[in-house]
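In the part that follows, the structures are each spelled out as structure tokens.
Okay, so chain A shows up in both of these, paired with chain B first and chain C after.
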Partner chain A sequence: MTRNSDQPAAVKNTVVSIAGWPVQRVFRLLEYPFSKIQKGVGIQGMPWIFLLPNLLFFGIFVVIPLFINFAFSFTGGTELFLSNRVYTGTEQYRFLLECETFGDPITCREDRFWKGLYNTFVFVFFQVSFLVLFSLITALILNREIRGRGFFRAVFFFPVLLSPVVVALIWKWILLRDGILNAFLVSIGMDKILFFVSPEWAMFWAVFVSIWAHMGFYTLILLAGLQAIQPDLYEAAEMDGTSKERVFWRITLPLLWPNLLVVVVLALIKGVQVFDEVFVLTGGGPGTATQFIVQYIYNTGFTEQVQDFGLASAASIVLGVILFVLTMLQLAVTRARDNG
Partner chain B sequence: MADPGADTKNLASVVFARRGRKKMHWTDIFSYVYLAFGIFLMFGPVLWLGMSSFKTRAGLLEFPPTFFPLGQIEVQVEGYKKPLLLFDVQMDDGSTKQLAQIRRIGIVSQMVDPKNPSEKFKIPIGQRTKVREFRMAWENYRDPLERFNFLVFLKNSVVVTVVATLVTLLINSMAAYGLSIYEFRGRNAIMLFVIGTLMIPITVIMVPVYLVITNLGMVNSLWAVILPGAATPTGVFLLRQYMLTIPKELIEAARMDNASEWTIFSKVVLPLAMPAIAVLAIFSVMWRWNEFLWPLIVLNRTEVYTLQVGLNAFQGELDVQWHYILAMTVVTLIPVALVFAFLQKFITTGIASSGMK
Partner chain C sequence: MLNFKRILATSSMVATLAATSALAETELRMMWYNDGNESEVIQSIIDRFEANNPDISVVIDVVPYKSIMESLPIQLAAGAGPDLARVTDLGGLSKYYMDLTPHISNSDYWEASFGPFLDWLAPDSDRISGFMTQLTVTGPYVNKTFFEQAGVAMPGDGATWDEWAAAANDVAGKLDIPIPMAWDRSGHRVSGPAIAMGAKMFNAEGEPALVDDGLKEMTQRLYDWHQDGTMTKELWGSVSGSSYLGANEDFANGQVVMYMSGSWQIGQFSGTIGDAFDWWAVPAPCGAAACTGMPGGAALVAMKDTKHPAEVGKLMDFLAQEENLAEFYGKNLFIPGHLKLATGGVDFATDDVRAKHALSTFAGAVPKIAPTAFDLQGYPNNRIMFNALISRLNEAIVGELTLEQAYVRMEEDIAKQLAAKALE
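Let's turn to the complex of A and B:
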């Protein structure tokens, strides 16, 4: 009996020790240099030693690039190295942002950027609204006393872990001209629809697929929020014979509200940066119908014949400003949730 | 036989059973309809991918498509070297026969009865239907790995995922240790700095990071993918939150025993922080395996492509070879599916408690 119950633990320990062996070797090798360093800097210097590698990475790959980004956006030309670039002042921003009449992308000097901005706005508007709506419905249902709750949670959650390329290819295969969806349409007597030729349909599926892929994540956060609501509130309501609809509007929704706000802002931040799935699914097309800000930056900086790093940097700083505002919003709503 | 009506009623009472005995509310029915539709919508596409990935190239071109992968049966007929395709044929006298096709000339096909090879027929092609059986086209999986570069892509993806995860775990756990065990001047400033880096996603600094990578001479090497994302603020946070719960007395006691700070870190704190490290490891593996935009920028040669970039390049070609793409999509999906199947609990609690993805 005891032997049986020890066996899995023994197996696990063996696996851990085999996998852990090289790691332990590395740690033992590092012991000597680190004890030398400790002799040098003393205990009060050690936190900095432990922080050093991480700070170096942040410095090299985040902080320095952030400054270079500004430098790039104020220079022109096609050279990658800063020393070869010409200072052009705010020309990149003027090129990017000048419009004859705002609100009409075609009259802007860089209409592709404005089209991307406009597309992103449309995408985010629909994606975030429906994403939050369906996540909320799913979370409410999963919070009920249903059979197989864990299974259903997994059903809605697993697409979150799929890579954007996989998600896009799964759906592209369904939506092709001779795909299964068109086969279904034909079988009920309708005509085939060329989903990737019509701008409206392409945008619809971009929104749909991205909701399909990310809904599970937000459902999970909302579910945690729902489960944090005190059960005695519901019990009291039930004793009073309050209707389910009233319970939802008067108890569930107000108490879930802070979590809902956090979810909305998180979804906004992700939505503004949409690229991967849609890029593989539609390639930004037809034309520029599903081209978003990030793809504009990617195209301008990396795929065009003439790689315009300055313009791409200026555009990414515009994106950075949008994200900064949204992140401030996120901090505010998160703090409100955790304090109230 | 029991009355079928009673069966349905029983089934319904099982499916819709609720704790307590109150009458059904409209939301109960809605919930189950929603969940049933949810299974269809979430699993359906993946199931369809799996089924399609085993179809031959010709099978994929069929419209309307069949659900199962089917292959036409071939028979060996006496007097013919190659195996012949088998058809059901509507004969002129109204009967049906199974015949094998010798060759097709225009709209007429020359056929032979496999049981009686001397008898030959000329049949209009409209009168025959293929005889098919369930058959999986494993060559969809074998060919891309052997003839195309997918084995290389697979290897690159594995290298990136493993090395990046090890680097991430090492430097982030060190930083978390520094920020949780010690009280020192500037600690809050560092914390703010780490929070600050959260606000700057790769989409905002693509161009300058590319410059840095070029300067370091790492374009078209896997290090270009591994290094930029190795330090993650979410990782530092997750580990620090956990390490803060480790009792200070343990560390004090180890110091009394003259243990060096590195020994305390590696022998005392890390083993205790294993649950948090496991969560970060799982997340890191998934982030790296699925990463797309950044590898797309820094990897421009096929021999350094990761699976994601390779798949994308393959589906962007003019003559799209869907039978290979679908199979390779399945291959790309499998590790994540395994991680999910075995470690679902870690992942869902990790997300619910830290809100990271």
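Let's turn to the complex of A and C:
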């Protein structure tokens, strides 16, 4: 009996030793250069050596372009290379930020920038609020012992796997004048609705489609948080006869708070950066009703005959500042909570 | 013996491969977009060139039109553009074009064949940079079958825009057609009718002056037509900025009575609509000043950053030959951008009476095009004006601006972009 039960373990060890052989060889090969490096930089310096590939990647593709972008925002003209561009000082920022009344974009010199900013805030407010709410409700339901739980988890996560362009095209076909939704409305005796002609409808669908596409991802984060809560707590509450509402407010929500915070911050940052889905779905229209800040940057830098890289860079720096403030806010909230 | 044979076979294979690669030592890249299947037609012509010039191979990179408008300028600015490209922003990209004159065999032929169009490609010089792959004229198509079914007489030659709008509304009302009139969402498309209403587009000094009474006449009509349902806001209103949006699919699907577009749709309509209904090109409707559309077109141009100017010149010389262009225009149902061929030297490859009628209608419209329209087409910064016009007019149509506010913004947008360009 003992011998039989030992057999699988022996097989496992053999498999591990065979599979591990090349890994061991590689590590042995690396041992010599790494011990040399360690002698050179000391044990304290080794973390930097391991971080170096990532730091290089981040530096080349994020930090350096960030500085180039910053430099571009102080130049004008249409030349592509920085060395050929004309230094204009803070003119691009002055142009962007010049307004008679900041609450009314039409009074601003660059009205489309302000409309983009205003639309982005409206979108982020509704999208993040409802995204977090629906993700939480879905996660709570999928955390319960319901029939077909695995299937529903997959169903809710599936849209996350789709490309934003595919998502937008699918919904565009549903919402067009002769789309499926209007066909349904006509079949129940209603009139067709031109969803992309009304600013309110266009914004509604931009928010709706964005939530539909991303909810699965945030639901997954919250589900992981819910599953990490000790069942003993719920059992104790049940034994005490605590109501379900009280359990939710006193146990579930406080223990889920770190995950909720991550969801809110990620959704906020992704919301401010929204572009591809809405661009394909509404094209920014009607008029400028769903034209967000990133689309303004894209239009200014690429679609006009005069590709105004300087102005587009200045606008992207402003966007960067907004994202920075949001991130700092998140850090402050996290720290405040950690400190009790 | 066997080894010797193997060595011999391998050596001859290597030698053949080496010889082949040595022969096609120059590769030219041509960036191209399609309205229909033009790339197949040009490829068949290029195949003949390559057969006669085994040392040159030409690779056609077919890209979406959007890439021509947005990516190509950046590639050219970075010095990483193609050797040749098919473009529609003819004057706007002219600083990147090369002068073919030293590399072509007979510049007199080019001058005689493409004379006025060469100025569009090189507004400030006598350079020869390319040739027109098609000349286009904007103008309307109507669904003639709808007019017959509704029993409404089609307005004749010389009818005004108001008369056409009334007739299109009449037909749509009788047959319950959702869109009486649709225009491509493009400043270029609006400019012809605006000039017909008396828009001058330039001031006495030749500087752009978009907003005047003529332009206001036309834009007020477009605004009103969108409010009273003659035009649907779904087309122009459903996107923002200067994005182009065509109504060709709505027209082809029988959703539109009258469609303002241009001659480049002929080949596509011949293929997609065929004889499903009578799609009929009609002469440009009139305004107070003229009955005109806008000229335009696409050109194949050579880029100055090419590393193979002599080979590019050789290829362009070949493609610009009269018989090759006749084949290209004929198979694609394009109005010739070659002066001799424009006078009837092209055998259009179609038996479709609607296509033939459309070709003759648009070709017949060329002499009636107002001089202002030619000036505007030849102005290298015309896209700045077109984009300001369409984007701000659209914002007025959907109610974000009043028309008066839109006019002020149009002027400001143009001034801002011209100022940015002046910093070059």
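Everything that follows uses one rule, which is that the second predicted complex is superposed on the first by the 268 of 340 C-alpha atoms of A that agree within 3 Å, B and C clash if a C-alpha of one lies under 4 Å from a C-alpha of the other, contacts with A are read in each partner's own complex, and residues count from 1 in each chain.
To be clear about the criterion, a contact is a pair of C-beta atoms (placed from the backbone, for glycine too) under 8 Å apart; a residue touches a chain by one contact, two chains touch by 3 or more.
On a predicted model such as this, the values are computed, not experimentally measured, just so you know.
Of the two partner chains placed by the overlay, only chain B lies in contact with A:Ile60; chain C stays clear of it.
Taking chain A as the reference, the larger set of touched residues comes from B, when chain B and chain C are compared. In the superposition on chain A, A:Phe302 makes contact with both chain B and chain C. In the superposition on chain A, contact is made by A:Val160 with chain B only, not with chain C. Applying the stated contact rule after C-alpha superposition, one finds that A:Trp48 touches chain B and leaves chain C untouched. In the superposed model, A:Ile137 lies in contact with chain B only, and not with chain C. Judged by the touch definition given at the top, the superposed model places A:Gly284 against chain C, while chain B stays out of reach. The contact surfaces that chain B and chain C form on chain A in the two complexes overlap at residues 80-81, 283, 302.
Residues 27, 30-31, 34-35, 38, 43-44, 46-51, 53-55, 57-58, 60-69, 72, 80-82, 137-138, 141, 144-147, 152-166, 169-174, 178-180, 183, 186-187, 212, 217, 220-221, 223-224, 244, 262, 266, 273, 275-276, 280, 283, 294, 297-298, 301-302, 309, 312-313, 316-317, 319-320, 323-324, 327 of chain A touch chain B in their complex. Those residues of chain A that touch chain C in the shared complex are 76-81, 86, 88, 106, 111-112, 115, 177, 194, 196-197, 199, 282-291, 295, 299, 302-308, 310-311. For chain C in complex with chain A, the residues that touch the partner chain are 69-70, 73-74, 77-78, 89, 92, 178, 232-234, 237-243, 245, 381, 383-384, 387, 394-395, 397-401, 405, 409, 417-418, 420-421, 423-424. Per the touch definition, chain B reaches chain A in the complex via residues 17-19, 25, 27, 31-32, 34-35, 38-39, 41-43, 45-46, 48-49, 52, 61, 63-65, 170-172, 174-175, 177-179, 181-182, 184, 187, 190, 193-194, 197-201, 203-212, 214-215, 227-231, 236, 260-263, 265-266, 286, 289-290, 292-293, 296-297, 308, 311-312, 315-316, 322, 325-326, 329, 332-333, 336-337, 339-340, 344, 347-348, 351-353, 355, 357.
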